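Down below are the structures I want you to see.
Both complexes below contain chain A, partnered by chain B and then by chain C.
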Partner chain A sequence: MDQFLQHLVNGTVLGATYALLGIGLTLIFGIMKVVNFAHGELYAFGAYVAYALVSLLQMDYFVALVLAAGLGLLLGAAIEFLLLRRCRLENIDEVMLIMIGVMIIMQNAELLAWGGVAKVVPTPFPQESIIVGGIYLSPTRLFVLGAAIVLLLAFYLVIERSRLGLAMRATFQDEDAARIVGVNVSRIYTLTFGLGSSLAAITGALLAPVFVVTPTMGDLASLKAFAIVILGGLGNIRGAALGGFALALIEEFGAAYISTAYRDAIGFLVILVVMIARPQGLFAAKERVG
Partner chain B sequence: MLIKPLYAMLLGGALLASQAQADDTIKIGVSQPLTGSVAASGTYVTNGARLAVEHINGEGGVLGKPLELVIEDNKSNPREAVNTAEKLILRDKVPVMMGAWGSTFTLATMPKLEEYGIPMVVETASSSKVTTSGNPWVFRISPTSMMEAQAFAKQLSSFTPAIKKVDFLSVNNDWGLGAAGAFKEVLESKGIEVGRSEIIAPDATDLSAQLAAIKNSGSDTIIVTSGVEQLTLAIRQAAEQGIKQRLITTGGSFPEPLVKNPGPKGYVSTHLLFFSPWTADQALHPQIAGAYMDAWEAKDYPFPGLTEGFRGYDAILTIAEAIRVAGKAEPEAIRDALWKVKLAGVNGDIAFHKEGPEGRESGQNTPNIYIIQLQDGEVSAL
Partner chain C sequence: MLKLDDITVHYGATVAVDKVSLEVNEGEFVTLIGSNGAGKSSTLRAISGLEPVVSGTITFEGKPITNTRPQSIIEHGIAHCPEGRRVFSQLNVRENLEMGAYCRSDHAGIRDDLESMLGRFPRLRERIEQPAGTLSGGEQQMLAIARALMSRPRLVMFDEPSLGLAPNFVEQVFELTAEIRAGGTTVLMVEQNAYAALELCDRSYLLETGRVVLQGTAREMRDNPDIRKAYLGG
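On to the complex of A and B.
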């Protein structure tokens, strides 16, 4: 029983970070129809911001988190403004190529700047785990879980309750209609890309003290984010959040009770089954087509 | 009409120039993982190789010519390892190679060595397959997992409380699975019970599922095989999850980041190394180890990187000695000379014995193995 609960706790913490990665990606896809291959690189960017600020400049970790989110927002907005707006998003192939280019450039820039050797970001929390009823959880991971849940809720409120969220949802439903009622669609695009990127960057910064920071860390993050988004239904924010938790728990329990060697395979196998049974994704409501 | 001869002259001139340049130095091809999941190790090995070249060139080079390293990044990826070998052999025309950090990358490279007839000194790879598959161009200075397991078995009495049951946590490649197999065989022959065997993907960062699965297995020791990055994560996450078992790492990599950023207080991990800079006075040739360590320090490379940098240093010393014995920098002559090499290196004496099917033997060295412990960022001999 202890072991089951330990796996549940581990999976939930991992799931919260998967959810953050997933909603950033699904937001950009849902509203802009951009397949953002550089999403994982923004995650790596956030982690390197944390490394530079905390490990090199001895800055406070919590300040670094806020700065990572802010810089991620700016970088995402800049990518949208400089690269995507100019090609007017008419041709999805071009957009995909641009995003693959951005991914390659960012990954190699990180390599050039920081080298290939993994970097470590010290945690501001005590190293000794909190033990409740035989379940161990490090304070750093507990903080990651808490921060992820707060971010998920805040994000949900922005999308569902704010005027910005309303404009975003309107653009998502019908770009032309949104334009007619006075939504500045270009600005919504830039903001959407910035927000999605910011979420990836803060996830990277949150996880930097939990894992190690490497230039290729974005590859795995991108792969997982795509899996989550497909699992939850493309463009479905609630689906991506639930998909994140679902994938993490499937991986965790699959590894624990089936085979650790096939940990990733089990996750992807479930996605395959979902794609066959429910091509629109697990949590997607029926979408209007055309 | 005039253009053609002019063009030919230019082309001829360029060829002559590159020929002259090629003849000025003796090239050694290096394939190492400088990026990807085991980048730290590859970088240390490459730095060690650079130091050896500086040392040899400082003493006049080999056969009156300076050595030149041609370094390629195999990106911790077996496909890329093959590409680097082809590039080094075909474009850079290197007569000998060093590589490729790790069994998987080395095994992927080996068919190319045979295809083009280029010898390679393998500085890191522990799978027995490297020297038993019948590739006569391979000369390994690092120990096999079996050698490591046997050396470890001799030290079993140093562990208190005694090791009675072990679990394994291994990276999913030739190295990790091979090491688990060798250690299982040796430990079982010593009457130690073998429990669970958990696998981690080479790029995985979250090992909590594997660790939680081992936690209550009833074993007293976990044998972990992976590179610097995953060893760091495994030890940190094991401590976080309150894993009570003793953690022993194999393969000669050292979780260097834990020296500066130790995990929870009091947590002890044990490491099988092939060079221990903390106890360098116990090396077989302390003066050679000392020269290597001084050169490393002069470059300001990170101290714990010495544990793997020596691999590159010893490999280049070995190659240089083979070229000297051969009397010329040609692949076949270097290969024949490698069999005659008798050398004092950082790890100890280097000489190759034959392994693998008769008539197609590969060279295998018998290196020394050291066991150290790490606690709160401090290292001590076992």
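On to the complex of A and C.
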């Protein structure tokens, strides 16, 4: 029973970060119809920002987190503004090629800048786990869970309660009508891409002290993010949040009770099954942002 | 108030609006009539900044607004109630109305206007928390009109507000447009139903394949033999 609870806790911590990653990707897809292959690279970018600031510049970890989110926002907005705004978003092939190009450039830039050796970001929290009822909780992971939940709630409030979120949802539903009532749709796109990227970057920075930082970490993050988004239904934000928790728990329990070696494979196997049996996603009543 | 001078709109090789000139004076009710594909909607979309104008000029209250972005057009005081209603189907009624006031920042004024809109459209008040997509066609049209009014326009453009509605709603919608004009807002309405349009308006323009082929006061248009034959059923 302790073992089961331990896996449940671990899966939940991981799930909260998967949810953040998935929401960023599904937001960009839902509003802009852009399949963002560079999403995982923004996650890696956030992790490297944490490495550069904390490990190299000895900066405070919490300040580094905020900066990672801010720089991710700027980088995402810049990608949209410089590359996507110039092409017609309807042309899916062109957009996909651009995003694959961005992915390759970012990944190689990381390799060039930091080398292929895995980097470690020190945690500001004590190393000893807290033991509650036989379950081991590392303070770092507890912080990751708390921060991820706060971010999920903040994001929910932005989308559901703010004027910007309302304009985003309106643009997603009817771009022309949104223009008619005075929404600057180009700006919504830039902000959407920036916000989605920022979520990926802060997730990378949050997890940097938990895992190690490598130039290829973005690949797996992208794959996972796509898996989560497919689980939740494309463009479905609530679905992506649930999909993130679902994938993490499947992985965790799969690793525990089936085989650790196939940890990632089990997750993707479930995705295949979902795509065959329920292509609209597990949690999709209808496609929507919000 | 609004003046179009020889404006042309293209869709690729298709010329949708071909050197159209028209004028709407302050306080007037002007209609644009003509059959399907004549270029009526394209004309309104060009005014709103949704389609680029290839040649010609548009001025509003003396200021040039040709090829201005839609968000500036609405800030100038021109609202557009588009063809096919185009409400935000997954936003609820309140959110749709709030989106209508998106260009405004006077929060108290927006709240008052929202309240008065709900007073005017009790059906919308009953469905305030419902997604707009669940409303009937007539209710959606009411919402689309209310949304356009939420920007406090000085000129409001309606594109076929009666299209696809049950007869009792058609009448209600036309009454509403007349009320809006009576309230001091200038109206430019596109309508395929020439009979109803000419009953309501002061002046009208007839469009055929992108050109203004006839214009005049409502009475002149109603008495015109060509119009009687082609658009008023004899």
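Keep this in mind: the second predicted complex is superposed on the first by the 286 of 290 C-alpha atoms of A that agree within 3 Å, B and C clash if a C-alpha of one lies under 4 Å from a C-alpha of the other, contacts with A are read in each partner's own complex, and residues count from 1 in each chain.
Here is the rule we use: a contact is a pair of C-beta atoms (placed from the backbone, for glycine too) under 8 Å apart; a residue touches a chain by one contact, two chains touch by 3 or more.
Since the structure is predicted, the reported quantities are computational estimates derived from the model, not experimental observations.
In this overlay on chain A, chain B fits alongside chain C without clashing. Once the two complexes are overlaid on the shared chain, A:Glu80 sits clear of chain B and of chain C alike. Number of chain A residues touched is higher for B, counting chain B against chain C.
By the touch criterion stated above, A:Glu41 is placed in contact with neither chain B nor chain C. Legend: residue contacts after superposition of the two complexes on their common chain; A:Glu252 is shown touching chain B, with no touch to chain C.
Vertex at chain A: the C-alpha centres of chain B and chain C lie 150° apart in angle, rounded to steps of 10.
Look at A:Asp174: by the touch rule set out above, it reaches chain C but stays clear of chain B.
Closest contact between chain B and chain C, by C-alpha atoms in the overlaid model: 39 Å.
For chain C in complex with chain A, the residues that touch the partner chain are 48-50, 69-71, 74-75, 80, 82, 86-91, 95, 98-100, 102-103, 147, 151.
Of all residues in chain A, those touching chain B in their complex are 2-3, 6-7, 10-11, 14, 111, 115-118, 120, 122, 127-129, 131, 136-138, 141, 211-212, 214-217, 219-220, 251-252, 255-256, 259-261, 263-264.
Residues 33-37, 39-40, 42-43, 73, 172, 198-201, 203-206, 208-210, 212-213, 215-216, 228-229, 232-233, 239-242, 257, 260-265 of chain B touch chain A in their complex.
Contact residues of chain A toward chain C in the complex are 163, 166-167, 169-170, 173-174, 176-184, 288, 290.
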